[in-house]
Amino acid sequence: MIVEGLKAGYKLQTIGSSEEVGVYVDAVSGVSFTLYRNEVFGIAGESGCGKSTLIKAVYGYYEPSLVLRGGSARIYGAKGEEFDTTRMDRGLLEKRVWWKHMSYIPQSSMNVLNPTMRIRDHFAEILRIHVGMKKGEAYQEARKYLEEVGLPVDALSAFPHQLSGGMRQRVVIALAILLEPSLILADEPSSALDVINQKVALTLLREKQEALKNTLVIVSHDMGVHGVLTHRMAIMYAGKIVEIGRTADIFWKPLHPYTKALIESLPRLGDKSKRVGLSGSPPDLKKPPDGCRFHPRCPYAMLICSRAEPSLREIKEGHYTACWLYSEAVGEPR
Amino acid sequence: MGTVTESLRRMGKLLITLYMGNLKFRIGFTILSILVILGFAVSPFSPTNTRSWYIVPRDRPPSYEYPLGTSSMGRDILWELCASIRNSLTIAFVTAMIASHIGLFLGFIAGIRGGVIDRILMFITDTFIIIPGLPLLMVVTTVLKRYLTIPTLGMLISIVSWPWPSRQVRSMVLSLRERTFIHTAKLSGMGTFRVIVQELMPYVLGWHLINFTNTILFSIGTESGLAILGLSILDDNTLGVMIYWALNWGYALFRGIWWWLAAPVATLVLVFISFYLVSIGMTEFMHPIARR
Amino acid sequence: MPNREKPSMVKGLKQLLKYIATRTAAYLATIFTGVTLTYIVVKAMPVDAVENILFNIISVTAVYDPASIELLRRNLYEILGMGGSPVESYLIFIRRVFTFDFGPSIIAYPTPASEIVFNRLPWTVGLLLTSTLTVWVTGNLLGVIAGYFRDRRFAKVLESVAITLYPIPYYIMALILIFLFAYLLRIFPLGGGISIIPEKLNLEVILNILWHSILPAASLILPGALGWSFLSSRTLTMQTLAEDYTRYAEARGLPRSHILKRYILRNILLPQTTVLALSLGGIFGGALLTEIVFTYPGVGQIAYRAIFSGDVYTLMAVLFLSIIGTATGTYLLDLLYPLIDPRVRYR
Amino acid sequence: MSEQYMLRVVKLSRFFGYGFLGRVKFPAVDNVSFDMEYKPKIFTIAGESGCGKSTLARMILGILEPSEGAVIYKGKNIYALKSKERRWFYREVQAIFQDPYDTFNPLKKVDRYLYETARNLLDLKDAGKTQDIVDACLKRVGLSFDEIKGKYPSEFSGGQLQRISIARALIPEPKLIVADEPVSMIDASMRMNILNMFKEFKEAEEISFIYITHDLATAYYISDEIAIMYRGVIVEMGPADEVLIKCHHPYTKALIEALPEPSRRDDWLTRKVKPPGMEVKEFIMPGCKYADICPYREDICEEKKPPMFDVGNVKTACWLYK
C-alpha cells in the first residue's frame, strides 16, 4: 500500500460557540509512506497528532466534519487489484473494498458490538452480506473463527454484555480477519485494556498477521506496544510524520529530537535513572506554526527551523526523518 | 447575595445568546413576547368589562369595529381574548413557580441524599407520572368548584405538575455528583451547602429554566382541558373558558359562529408552539446532540 | 477463561420469573400508592369536601328530601374517606376502591357508578388501543427515517411539522379537526359514536362506528405519531447513530437498510417503550377530553356528565379505573422489555 | 510521637450493590489493610482497571464511606471527624485526580479553586497574602498566577490543568497527597515531568504520596513501596524493587510479563498469558480470587482465602509461600 501526500482535516461545525464555525483543523498534513506485504507497521504519536485521522482517511471513512484535501492512498489486494480509497465513493468502498481487502479495528473496540445482537450474528451478517453465505454455514464459520481467537463456543450465542472486555476485544479481532483482508488497520487496539488482556489481544493480532502474511497497521500512543510488536514504524507530530524506520532503529538509534524525547521519557523496569520529558504543549492545529512544527519545543531548534519546513529524507537505509539537523541545507533557507 | 446577582446576570446573558444563536428560540420568544404584551400591556385598556354579558351586539362576525367579532354572550372577542391570555398565563405562571420549585427541591434531595430517601421519592414521583393527572384534578376541582380563583387553580394544577421537573433535576444531580470537580470543591474546604449552590446550581439552573417553561406549557394545557369540562373559573376569562362557553353554551360550530371558537383555539396553538419552541431552543443550546 | 456463567435454559427461565415477580410487585405497589395518594390529596383539601359536593348536587339536581340528603352525606363521607378515625376511614376507602364499590351513580340513579363506567369502557379502550398502537409504530418508523436522513429536505419538513404538532393538546387538535373536516369541509360527522343506536352488531353498524371514530382517533394520532413518538424516536436515532457500534457497523460496509433495521431500530425500541409508558397517563387524559369534544360515547362522556351533576361517585370510579388502566398499561410494557432488549433479561 | 503510623488503613471494605434493588453485593474493596509511617515516601497502589484501587483512594480521602473497616489518620478515624476536624484533615491530606479536564468546574474560573483552598483551609482573610501563596504554589509547578488568572479550564491543555491541580493540592502544605492516576491522561512526553515533581516534593518538602496507577513502569520509577491489587484485595506488598523485580505472587508475575518492554521483545511475543474472566464472579469467589487463572493452583486456593505471608521484606497473599 502506498500513501502519498495525504491531507485531511476537520471543518468545525456549529456546536457551542459560533466563532469557530468553518475553521479548518489541519489534522493530517501531507503524509506519505509505503507499506509492504507481511509486515506490522506502527504509527506512534501523542493525542491530537492526527494518527487516528490518518487511519480514517486511509480507510475512506469520512465523517461529515472530516474533509480530504489532497493526496492518495492506494491499496493492493491479494491478487494485485489496485484501489485508491481517496478516489472511490462511499458506496463503492462499502461494496468492493471494505472488509474484503481492508478491515478496521476501531478505538475503544470493547464497546463496538451491537448490544442487542448475539455474537454469532455479528459474524453472520458480514459473511451474508459480503460473501453471500447462508446463515447455517455462516454460523459454522463463526464458530471456527471464535475458536481461533481462543474463545469458547458458548460465546457464539452470547450477547456482548455477557462477555468481558478482553473477550469482546478478541471478537472484534476475529471479525477483522474474517474475510482475510490484505490490510488491517487497528486504531489503538489495546488502549482500553489492562496489560494482560492487552498482551493477549496484541499477540493474537500478530499471530494472525503471520498466518495471513498480510499487512497490519497498529496505531498506538504507547511506545512500548510498538517496541514489542511492530517491524517498522512512523512517528507523527502535529499532523506530520517526523520519522520512519525499522522499529529497532527508532528505539536504539532515534534521529528526530521528538523521537528521542519519546524514547527517553519511556520508563523501564529495573532502571531508576532520571527521565526528563518535553516541556510546552503541541501546537494548535487550527493555526500551526511556520517551519518545522516541532521547533517551539525543540531543544536543538535553529534559525531555519522556524522559517522552513524540513522534508522527510532518508538518512540511513530505510530510516527517514524530517529534521534540519540532518540536512546539508542547514543555513541556506530555500 | 453575590451568587443571586451573578446567576441573574448569567441568565440574562443566556437569553441574549439564545436569541441571537437559535432560530427556534427566536421565533418562540418573539411570538411569546407579543402574547405577553397583548395580555399584560394591552388588556388593561379594554373599553368594556370582559366579564359582563351583553355589552356589545351579539354574534357579529369580524369587522372593522370588532376585529375578531363578538360572541353570543355579547362580548368583544378581541378584548376578551386579551384578558384570557393574561389570566391563562398567570395561572400557568403560578403553577410553574410552585411545581418547578418543588421539583427542584425534591430532585436535589433525592439526588444528593440517595439511598432509601431517593427510592421512596422516586417511587412516588413515578407513580404520579403513571397515574393520569386529569381524572385526579377532575375530582379535586369538582369538590372545590366554588373556590376556584386564578391562584388556587394554579396551585391545584401544580399537584400533578411537579414530577417531571423532579425527575429531570434528580438525574442531573446524580450525574453531576460523580464529577471530579465536586471532589475538588470538597477538598478545597467548601461545605456541602456551598458545593450545592456554587458547583451544582449553575448546571441545574439551565434545566430549571427549561422545566419552568415546560411546566407553563403543561399548566395551560391542563387548565384549558379542565375548562372544557367546565371545571375552570367560568365567570372569568381564560382561553379554556372561552372555548367552554363557545362549545357548550353557544354551540358555536352548529350555529356557524366559528370566530368565537377560532380565536381562543388559534391563540392556544400559538401559546403552545411558542413555549415549546422556547423550551427546545434552550434544550438544544444546553445539550447539543453530537453532529456527525 | 470460558464464560461459565452461561445462561442455561433453566437459569434463563428462573430469571424471567424473578423479573415478572418484581415487576408485578411494583405494579401492585403503584396502584396502591396511587390510591393512597388520592386519598391524601382529597383528605388534605382545606374545605369540607362533602358539603361542597352536596351543594353541587343539590344545585343541579332536584333532591330536596332531607332523608336522601342525609343518606348521600353518609355515603360521601365513606367514599371520600372522611368519616371516623383516619385509619378506619382509610381502610373503608381502600376496601371500596378495590371492590369497585363506589355507590350508586347520580347521573343514572340507582345504577352503580362502576357499572356505568364499565359499560362505556370498551369504547375508550378501543379508541386508545388503536390510536396508541398506530402512534407508536408510525412514530418510530418515521422518526428513524427522519433521524437517519436528517439533512434531507423531507426530514426537515417532518421536523417542523412535529414541532408544531407536538405541544398541541389532543382536544385542541380535536377542535381544529372538527373545524376543518366537519364544519368547513363537511366530510366527517360533527360528533357522536354512531348515527343510530344499534339493535345488534352488523357490518353496517361497525362501519358506522369506524366512520365516527376517524376524527377522534386522528386527533390522538396526529400529535402522537408526528409529535412525541416521532420526535423522541428521531432524537434517539441520532444518538444511536453517534454510538460506536453503529459507526463500526458502517465501517464494516454493511448496507444502510441493514443498519437501520438491526442497529438503529432495535436499539431504540427499549427507550421508546419507556417513553410510551411515561406518556400513557397523558394520552389517557387527552382521550377523555377528545371524547367530550366529539361527543364520543366513552368514559370521557360519562365523566363530563358526572361533573355536570356533581356526581363524585362516578368521578371516583373514573379516577380509579384510569389509575388501574394506566398502571396496567405500564406493567404490560414492562413485561415486554426483556423481549426487546437482552440487557434487561439478565439484570 | 504517640502514634507510630501517620496513616492506617484497617480492614477496609466497600460493597457495591448489583442487580435489581441492589441485592447481589460484591466487594469492590475487600478487607484491605496497610500502614504508612511518618517518614515521607511514595506508596503506590497498582492494579488493573476494576481492581478497586480508585475506590480505595476515595475512601482514604473521606469522599466515599467504607462499608466496613476504618481509615485512621494521625490516630483519628477520618469518618468520625467533626466539620472543623475535617478542615484539618484536608489541610493534611490532599488529592490529585485522574481527569484534568474535569478537575475544575468548566463553568468556573480555575483560580477560584486555588483561592478557596487558601481561604478555607489556611483561614486567610487577606486577599494579597492569599494571592502570594497561590502564586508561590503555582511557581513550584512551573506556572505563575498571571498565566492562570481569570481563565476557564477550557483555555488550558491537560498537562497545564494537571499542574494547576497539583498547585492547588500544595497550598495547605499537606503531609500526604493521594494521586489517583495523575498521569494516565497526560501525553507520554510530559508524563515524567509530573512524576519527577512528586519525587522532588517528597524529598524537598517531606510530602508523602499515595500513587494510584495501572502503569507498573512509572510505578517502579517513582515509588518506594508498592501494593498490587487484584479484584479488591492486596495480593502483594513491599519495597517496589523487590515486588516488581522478584515478583512473588503469580499475578504480579503475569503483570510484569505482560508489560510491553522493547528490550524483551522476542520473549514478550512468544510467552503466553491467561486472561482473567468475567469480573463480578471473581470478586465474590470464596478462596483466592486469582485461583481460576493461576498456573500454580492447588485445592486450598479455591477453598480458603490466603493470608499475607512474609517473604523477606515483602508480604504476599499466596498459599505458595505458607
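Going in written order, the chains are labelled A, B, C and D, and every chain counts its residues from 1.
Convention: a residue touches a chain if its C-beta (ideal position, glycine included) is under 8 Å from a C-beta of that chain, and two chains touch if they have at least 3 such contacts.
This is a predicted model, so every value here is computed, not measured.
Name, by label, each chain that touches both members of the pair chain C and chain D.
A, B
When I count C-beta pairs in contact, which pair ends up with more: B-C or A-C?
B-C
How many angstrom between the C-alpha centroids of chain C and chain B?
Those two chain centres are 22 Å apart.
Take the average of all CA coordinates in chain A, do the same for chain C, and state the distance between these two points in whole angstrom.
Taking the mean C-alpha position of each chain, the two centres sit 53 Å apart.
Indicate the whole-number Å distance between the mean C-alpha point of chain B and the mean C-alpha point of chain D.
50
Rounded to the nearest whole Å, what is the centre-to-centre distance of chain A and chain D, using the mean of the C-alpha atoms as each centre?
32
Residues of chain B that touch two or more other chains: which are they?
Within chain B, residues 292 contact more than one other chain.
At least two partner chains per residue is the criterion; list those residues in chain D.
275, 277-278 - these are the residues of chain D that touch more than one other chain.
Among all residues of chain C, which ones touch two or more of the remaining chains?
1-3, 5
Give the list of chain C residues in touch with chain B in this complex.
Listed in rising order, the residues are 29-30, 33-34, 37-38, 41-42, 45, 47, 49, 52-53, 55-56, 163-164, 166-169, 171-172, 175-176, 178-179, 182-183, 190, 235, 238-239, 241-242, 277-278, 280-282, 284-286, 288-289, 292-293, 303-304, 307-308, 310, 312, 315-316, 318-319, 322-323, 326-327, 330.
Sort out for me which residues of chain A touch chain C in the complex.
Those in contact with chain C are residues 59, 61, 93-95, 97-99, 103-104, 106, 108-109, 111-117, 121, 125-126, 129-130, 150, 152, 154-155, 158-159, 161-164, 167, 175.
So in the complex, which bits of chain B are touching chain D?
Going through chain B, the ones touching chain D are 179-181, 183-191, 198-199, 202-203.
So in the complex, the part of chain D that touches chain B is made up of which residues?
So the residues of chain D touching chain B come out as 58, 61, 63, 83, 87, 90, 94-95, 97-99, 102-108, 113, 116-117, 119-121, 165, 168-169.
Under the definition above, what is the set of chain D residues touching chain A in their complex?
Residues 48-49, 142, 157, 159-160, 187-193, 196, 214, 216-218, 220-221, 244-245, 254-265, 268-269, 272-273, 275-279.
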